[in-house]
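Comments concern the structure below.
Labels for the chains are A, B, C and D, by order of writing; each one numbers its residues from 1.
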Amino acid sequence: MTVSIGVLGTGRIGVMHAELIAQRIPGARLAGIYDVMPESSSKLAERLGCKTFTSPAELMSSDEVDAIAICTSTNTHVDLLVMASNYRKPTFCEKPVSLTLSETDRALRAVSESKTPVMMGFNRRFDPAHRAVRDRVADGTLGEVHLVRITSRDPAPPPLEYAKVSGGIFVDMTIHDFDMARYVTGSEIVQVYAIGDLRIVPSFKEANDLDTVALTLVHANGAITQIDNSRQAVYGYDQRVEAFGSKGLAASENPYSHTALVRSDKGTAHTTIPYFFLERYIPSYLAEWNEFLSVVNGSKPSVGVADGRASLVAGLAAWKSYHEQRPVKTNEIS
Amino acid sequence: MTVSIGVLGTGRIGVMHAELIAQRIPGARLAGIYDVMPESSSKLAERLGCKTFTSPAELMSSDEVDAIAICTSTNTHVDLLVMASNYRKPTFCEKPVSLTLSETDRALRAVSESKTPVMMGFNRRFDPAHRAVRDRVADGTLGEVHLVRITSRDPAPPPLEYAKVSGGIFVDMTIHDFDMARYVTGSEIVQVYAIGDLRIVPSFKEANDLDTVALTLVHANGAITQIDNSRQAVYGYDQRVEAFGSKGLAASENPYSHTALVRSDKGTAHTTIPYFFLERYIPSYLAEWNEFLSVVNGSKPSVGVADGRASLVAGLAAWKSYHEQRPVKTNEIS
Amino acid sequence: MTVSIGVLGTGRIGVMHAELIAQRIPGARLAGIYDVMPESSSKLAERLGCKTFTSPAELMSSDEVDAIAICTSTNTHVDLLVMASNYRKPTFCEKPVSLTLSETDRALRAVSESKTPVMMGFNRRFDPAHRAVRDRVADGTLGEVHLVRITSRDPAPPPLEYAKVSGGIFVDMTIHDFDMARYVTGSEIVQVYAIGDLRIVPSFKEANDLDTVALTLVHANGAITQIDNSRQAVYGYDQRVEAFGSKGLAASENPYSHTALVRSDKGTAHTTIPYFFLERYIPSYLAEWNEFLSVVNGSKPSVGVADGRASLVAGLAAWKSYHEQRPVKTNEIS
Amino acid sequence: MTVSIGVLGTGRIGVMHAELIAQRIPGARLAGIYDVMPESSSKLAERLGCKTFTSPAELMSSDEVDAIAICTSTNTHVDLLVMASNYRKPTFCEKPVSLTLSETDRALRAVSESKTPVMMGFNRRFDPAHRAVRDRVADGTLGEVHLVRITSRDPAPPPLEYAKVSGGIFVDMTIHDFDMARYVTGSEIVQVYAIGDLRIVPSFKEANDLDTVALTLVHANGAITQIDNSRQAVYGYDQRVEAFGSKGLAASENPYSHTALVRSDKGTAHTTIPYFFLERYIPSYLAEWNEFLSVVNGSKPSVGVADGRASLVAGLAAWKSYHEQRPVKTNEIS
């Protein structure tokens, strides 16, 4: 049976999700969309052949909507999750839940008490290559996991205005890597050490933000994770995960945009790697939506609000570590 | 302005094209579909939200149809191309044009005289990696091209019934490679030498067909192309093109299904390559449809009926070479 | 016990072998050298700390020489093999045995009748990567072998004077590939089809030679081998072997000179591949000498004069095929 | 003119250097060797055709010795460097200089005051791949360097007895990576943060040592280096360096033992990476000796005792950081 999904928010990521639901997920249907800017949503609705709603409540309460996708700006996530809990409809929510723990906990309570199935949009878990790394830990191929290395580098920095409200690099960017570290090791983060600098966009000083950071995590099971992030890798969206254990190593490497190479007397040239998430991670979004369909049909989400909370704690611990220049236990954050 | 395309034939390749047009080609719309089996087309029409037509003529003549896609079985292509010529609507046609030269010439005449823009579905030309190889020849990076190597191996053989009517391996399979050889070298095939054997499906003897072949082509510009084909590569759809010239080499390699690797004391393991064309060549089909939109808007197709004819001539020359055990000039075929 | 080896001929390849024996083969000792140009051998002898001999006979008969290495020019090989047979000392001989079949047969007779162990210098058999390809055929990993593809391209053409006496490209260059085809398939060559052209060094017309060739072999076990050769690959010494069978594929790829890569907004750059055999094949020569030590200690050589003969037959068949423009059975050559 | 080198110490690394000097470095000659165990050195001397000395002083003072190689156990390095300074002969010394700063400074003073050219054996600087990474920083290709990642993992742990006297993992193993970090960034280490654990060899607790560590360095130029080490990578000697900067990335990857691959329906298999330094780093040692010949001929060594000191300081800072669980400035070490 086809699942009808209503999408809240039609910014860049919302448009992408609406298109995927409308066009590329067999078993899903785009029931309708809502955006705080009606003109943007009505154009999209026309293009994708769906209706528009005039408020989140109208969308959530509609009989035509089986499930909800929250793709609005971060500061609205908690209210919308609470509202969705009232309707008990299966809900997909983009990360992060919130920039504060207390708000995150408010969402977590509402969702738990209502037993609403909520899946958080940590799409990288669904990337076939990163997932294969995790699977080789989970199935014992690598033995005990000792070290994890994660590199995430964006092709270009976001606008300063974004940095001012995003929670900063540890919350807007590293949050994916905290989630990946938990996902790959299967173990909670107990300590965070973080340093960083402004090397690319000096203006981010105004937002008290960083653009180049390096972190060292300790997990409950003893594994150590090293993360590095940059807001600007001129060669493209650099996304790599490596797990090392007593029996070997698994690693996801960057793909190339295509597989042609050229050899000359100067050496061998390959093409570029994918530029950014639209070029790199569509397969992960498709897999994410396929899992969400299972959630709608009764499966437990593999990644929920509690996971969003754990990564936020790590992000806040990272900022504390950076400011206090010492390793910080995650249980110091509350 | 959106181009409305009507699709004739909803077998495996027709369904794929209809879906791509309906869902993944901005600027295109699926106007409707026709199939000789009405029940199969009506289900698809419902799923994709388009109308069905009751005959090719109804589809071609409809005001709602700006352009035509011929995805029916090979033996209908010529009649449909001739019919499309009457309507002068831009037409996409799956390869091959026909299994005989005289029929191909009939289509060619109709298309030429009516000046109907017809684009043949040699999708591999639109694969970004193979295209990059061609571009490095065309832009002079490789200097004069001396040697080309093409490997095409399917993951599994088609049914015997298909082999009986397909024209045999040189026409149903190598035809893509003849086109690739012409595309990469930018030069006509003047001689073909072909050998082959039955190594995988002995029953194909009944169809007088082969499953393992090796060919050597000579081009008008002096380049030599070596091709090998197998109807069964257990590791997946092996698709490689290499051009070698006075200044270097360009080659398209097989992609992996994902980029994760595992290292153990046994060595390093990568995952499989894509299984078949749906896993491997979607980007090429998308690019193909984007070019077709340009054709509808007045551009000359980069690959037309005459190209289909040239590859058929090479295929017929290959059969002649195989049977007579000698190199055959393409001008011996008429 | 250390094996003392005397080296005949101190041209480029003889110097290399003398150095390897003197310095890099534990269990081997360079007993002494002979060259038709005494001044060149005396300098080398001083550098490597060995004696010089004044004639092949003096070297071969010396009590200090346990085994003989023939690295002189091709036209002397047969006489020296016959001479070595008189001394019954284990002998290594560079390829080819001779440019003519009758001379090759004279050597073969002398060696066979005297039961002298002779190992031919087809070093590529000892390359770890090519050997791994062969081993995957031999151990059944690939199932039945259907197709083999061999690419051998030199970085730069030899002098015209060499081409005039070398037997031409099919005998001086493709001979390695004929041997590789027999080695990998484990099956004799029964038919050869060869075409070629002069694309790089027009002056080789004077030697009736070619610089760019493509061959198709049929083996006794039904396998088909495609070979391409060029006398000039500007990007380095291109050496690849691929075997394809019912259960999969094994292939040896070109190594890089080192493993560093550079990524920029233009793409990814790797360094060059090895320039020529001294940069590429030293491990194969080392393995070859290690096998030769086993031969001295009683093992049967894995590659002997009969193998040299089989490759020469294929080379002569290739020339006949080229001139007569038809596939030629190897049993037409005698 | 040939340089005659005397080698002190014929343990594993001393034997390797003696062999390289005797056999593979044109322009160098092995003048003789000394070892505290005369029987081991006399066998080696016989095999390599050189003399033995009965004391370091005899070797250093000999007219037949132009230059000295110190390959003895670490605790003798300083005395031997001081002694070599008396003779003012160019000296190669294996790393580390010493396990203590005061002793290191004693060596540094003797060498500086006597102006004896001393080259430290940080061989990884001479590896062509790592060197290429450094060169892309040094020549500006990468722009400003922001992040460096270094992975060094040994295939198997050393004996406990070694760990007890080696200075521990940060001094016996990470020391190479500290040197690499300084080499690649071209900038001093100003801060070290280190964590670690015992995951592989619990018995190393007796030596107060670790087997799995992760470090974060800050350099004077603002670059950040992340290092990870393990004493046991079952898949071989994992040695990778990556530099990331404003204009791109350069990275040295692990080579394969050979380049053959096998494809089956299970995926693609490559062979192992080199097992340990003898399989991996011979080209670096050869390049090192070639530079040393230049040093003997008057060039300044590219890596001297002061470099050894800087890496030792970083190693001591790492231990302090580990014990005090905080980042440590290198200027806290004295």
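One rule holds in what follows: a contact is a pair of C-beta atoms (placed from the backbone, for glycine too) under 8 Å apart; a residue touches a chain by one contact, two chains touch by 3 or more.
Because the structure is a prediction, the values reported are computed rather than measured.
Chemist: So which has more C-beta pairs touching, A-D or B-D?
Modeler: A-D
Chemist: Going through A-C, A-B or B-C one by one, find the pair whose contacts repeat those of C-D for over half of the pairs by residue number.
Modeler: Looking at which residue pairs coincide with C-D, the repeat is A-B.
Chemist: Any idea how many Å lie between the Cα centroids of chain A and chain D?
Modeler: Taking the average C-alpha coordinate of chain A and of chain D, the gap between them is 41 Å.
Chemist: Can you compute the centre-to-centre distance for chain B and chain D, using the mean CA position of each chain? Integer Å is fine.
Modeler: Roughly 57 Å, centre to centre.
Chemist: Find every residue in chain A that makes contact with two or more other chains and list them.
Modeler: 234-235, 247-249, 263-265, 271
Chemist: Which residues, counting only chain B, touch chain C once they are in their complex?
Modeler: 144, 146-147, 149, 151, 153, 193, 195-197, 199-200, 212, 214, 216, 218, 222, 224, 226, 228, 230, 232-235, 238, 244, 246-249, 325-327
Chemist: Which residues of chain C touch chain D in the complex?
Modeler: 22-24, 49, 127-130, 132-133, 136, 141-142, 247-255, 257-265, 271
Chemist: Which stretch or stretches of chain A touch chain C in the complex?
Modeler: 234-236, 256, 263-273
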